[in-house]
Structures are given as C-alpha cells and as structure tokens.
Amino acid sequence: MTIRVKFFASLRERLGRDDLELPAEGIATVADVWARAVPDEPLSGQVLMSVNMEYAQADRSVRDGDEVAFFPPVTGGAA
Amino acid sequence: MTVRVTTEPFDPYAELAAYTPRGEAAGIGAAALFIGYMRDVNEGDAVASMELEHYPGMTERALEKLREEAVSRWRLDDALIVHRVGALSPTDPIVLVAAWSAHRNAALEACRFLIEELKHRAPFWKKERLGDRERWVERNTPG
Amino acid sequence: MTVRVTTEPFDPYAELAAYTPRGEAAGIGAAALFIGYMRDVNEGDAVASMELEHYPGMTERALEKLREEAVSRWRLDDALIVHRVGALSPTDPIVLVAAWSAHRNAALEACRFLIEELKHRAPFWKKERLGDRERWVERNTPG
Amino acid sequence: MTIRVKFFASLRERLGRDDLELPAEGIATVADVWARAVPDEPLSGQVLMSVNMEYAQADRSVRDGDEVAFFPPVTGGAA
C-alpha cells in the first residue's frame, strides 16, 4: 500500500535523498506525491515528472504501487 | 540489442562492425550514423571529467520508444542506439545512433530525429568536473 | 587521405577505425557518417551487379573541392570521402562520407551536404546488369 | 598543338570512342570541340562538359593543350 518516489541528478543532490516510499493514503496525483515528500518546497515548473517510467504532468493520477519520479531537464546525447 | 545503456566505454565502430542490421542486407541502400563524444570544454570552461546519471529502466524504455517511432515513421530496416552512463573522460564516445534504410533521405532524417529527440526525452543528466568544482549541466545546447 | 577513390571493396567501419580525424580529439563533439550500399533492386528491377565508371583525376578534384567547401562552411575539424568504382555486387559499400565537428548540427548538416552534392557534382556513372541486359542509370533518385 | 577530348559512360558507348586528340587550329570553344569531334550530331543540352577537369559551358574558351570532356548526367553516391 505504498508509492515509491525517486529523485534524480541536481534535484536528488539538493534534496539530499534519492529513494523513498510513501503510504498511498490521501494521495491522488503526482502533485500530492511531491507535497507529501517535499512538504517545505512548492513543486517548481522546472521539475519534470514521471509515473511508472512514463513522463507525466502534475495532475496525473497516482495509484497504490506506482513509481513516481522527479528530476531536472534532461541533458543526454551529444554536444 | 537495438537499444543499449552501458557503464563500460564502448567503441562505436566495433559496435557497428559486430551488428547485423535487420532486414534484407541487399535491400539496404543507406546507413546514417551519429556519434557524440565528450569534449574537454563546455561553455568556455575546461572540463576534466563527467558523470552521466540516468534513470535505469525509464532510460531503456524511452530509447526503445524513440527507436520504434523512427523505424515506423521512416520505414527503416533497422535502428540502433547505444548510450554511455557513469564516469566519462574527454574523447570518450557518449552516444551512437544508427539508422538503416533503402534510401538516403529516410536514413539521414531518422538519424537526426533520433539524436535530437534523445537529447530532449531520454532521462540522462550530465555532471561536469571542472578541476576544483563540479556542476550539473542545466540545459542542452541547441546544436 | 581525406578523399579516396578505390577499385577495391572497402570496409567503412575498418576505414573509420583506422582514420584519425584532424584537429584536437578532445575538441570533437560529434561525428556524422553516411554509408551508401549497392541494392539488389532499382526502379522495380532486380539488379545482379553494377559497373561504376568515373573520370580519373576530375573525380578526386571534385571530391576534394566538395570536402573543402564543407570544412570551410561548417568549420569542421575534418571530413572524409571514400568512393568505390569498378565492378560492384549487391551489399557492397559504394560511398562513405564523414564529418567531424565540435557540435552536432555542423556535423549533421555537413554530412548531408556532402552526400547530396557528391551525387550531383562528382563524375561517376552507374551501369546496371539486370540478368540478360545492361542499362545506364540515367538520373539519380531524389532520395 | 592539340586538344585532348574524352567521352564517358553512355555517351562513350554510343559514340564508340573514349579518347581522341584534335588539332587546336580553328577551335575557340567547347562547342567547337564537339562540332569537330562529332560532326554528324548537334551538341545536346543533356550533355555535361568539362575543361581541364572543371565543369564548363559550351561557350567556354578552349586553348591548345586543354583536356575537354563530354559526359551524361552523373549518378554516383547512394540510393
């Protein structure tokens, strides 16, 4: 009955955490996950989000067992 | 494998030489290839090394989806993506993209699509070490 | 050599692996490569083999000029053109084009320029053998 | 005191000749070279021309010692 939460890259370092699990109760959306995981900071428009490894918006619904991730803009590939 | 994420250094030409594209070999008229390398300079600063973080699982999924989009849109015979992660040094290959097709336009356009979309959609993050300090690359350069 | 015309079959990946691009290796961020292969079909007909005629001397000059145009226009670190002539069989590599640059756009655009211009400007002519008859290819396909 | 003339590909086969030398006298342009070398056939707009291995037009001047070539549209490169 939990939601798995991940943070990556500069966000992971700034928040000082990478993985955590939250009880699913009272969580309906990705925004709710953020609010529960990072209560002292509003969700920035710069932050990208995914649910079960697919990009998602903040209002995307979240269910028990989902994996939700937050991360900065991606910078792979070449120069 | 048509999509590969590797912590080990890879040799793009050896990778290509060892790979047999799908489809009838005698029907393939064109291969368009792109290789991205780590440079020792970025935004005017000397870069000593780099750490490439990724989201295991989501990365492979994003690359596979990109590849399927390109294959279907340009009716490619095949496409291949290899991307390095972990600790990199200047001159190391970062990414290899390949597109095989009957005709050159399809291969060239698909190759360009793959490298551009990869930069915007695949969950990789670069952290540069500049001598005495580190910094996260905030944005990809436009070109 | 940055421009090469060869009657012998060539292996594009071995060719690239053996070649050291000019410029500082750690300054090169991108390589865009194109390989053209002989197909066993053209305009709906099965093609058994091909004879690629050229104008010795003028060919090398035209390719060298093309290469210099691309290097100068996109400020490339280096560019390479290898083109096969003589008797070819399906799946044989016909042409290899490579462009190396600090940035991906320059490499990708230069590579495309080189393969398109080569088709229009370099004095090569293809004659196809279709089982019991031969024909000269009259025009290049648009893509 | 000659001009060297070359034909390539389908043009070479159709005319049944590849190399020849012409006396330079009376020849001022590429068109003159064609008229002397192939007197029974007008110079077609389909034919490409070069002087000393550089593309040229029919009115391009020709001098003693030049190499002039005639050939069909080129078809190198890839599919």
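Order as written gives the chain letters A, B, C and D; numbering starts at 1 within each chain.
The rule we apply is simple: contacts are C-beta pairs under 8 Å (C-beta built on N, C-alpha and C of every residue); 3 or more make two chains touch, one makes a residue touch a chain.
Here the structure is a predicted model, which is why all the values come from computation and not from measurement.
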Return the chain pair with more inter-chain C-beta contacts, choosing between C-D and B-D. C-D
Measure off the straight-line distance from the CA centroid of chain A to the CA centroid of chain D, and report it in whole Å. 71
Whole-Å gap separating chain B and chain C, where each centre is the average of the chain's CA atoms: 23
Find the geometric centre of each of chain B and chain D from their Cα atoms only, then give the gap between the two centres in Å, rounded to an integer. 48
Residues of chain D whose C-beta touches two or more other chains: 77-79
On chain C, where are the residues touching two or more other chains? 29-30, 34-37, 39, 102-104, 115, 141
Among line, ring, star, complete and other, which one matches the pattern of chain touches? other
State which pairs of chains touch, listing all of them. A-B, A-C, B-C, B-D, C-D
In their shared complex, at which residues does chain C touch chain A? 29-30, 102-104
Could you list, by residue number, the parts of chain A that touch chain C in their complex? 77-79
Listed in rising order, chain B residues that touch chain C in their complex are 11, 13-14, 16-17, 25-41, 90-91, 102-108, 111-112, 115, 141-143
Per the touch rule, the chain C residues reaching chain D in their complex are 34-37, 39, 42, 52-55, 57-58, 61-62, 83, 94-95, 115, 118-127, 136-141
Chain B touches which residues of chain A in the complex? 6, 8-10, 13, 50, 53-55, 69, 71-79
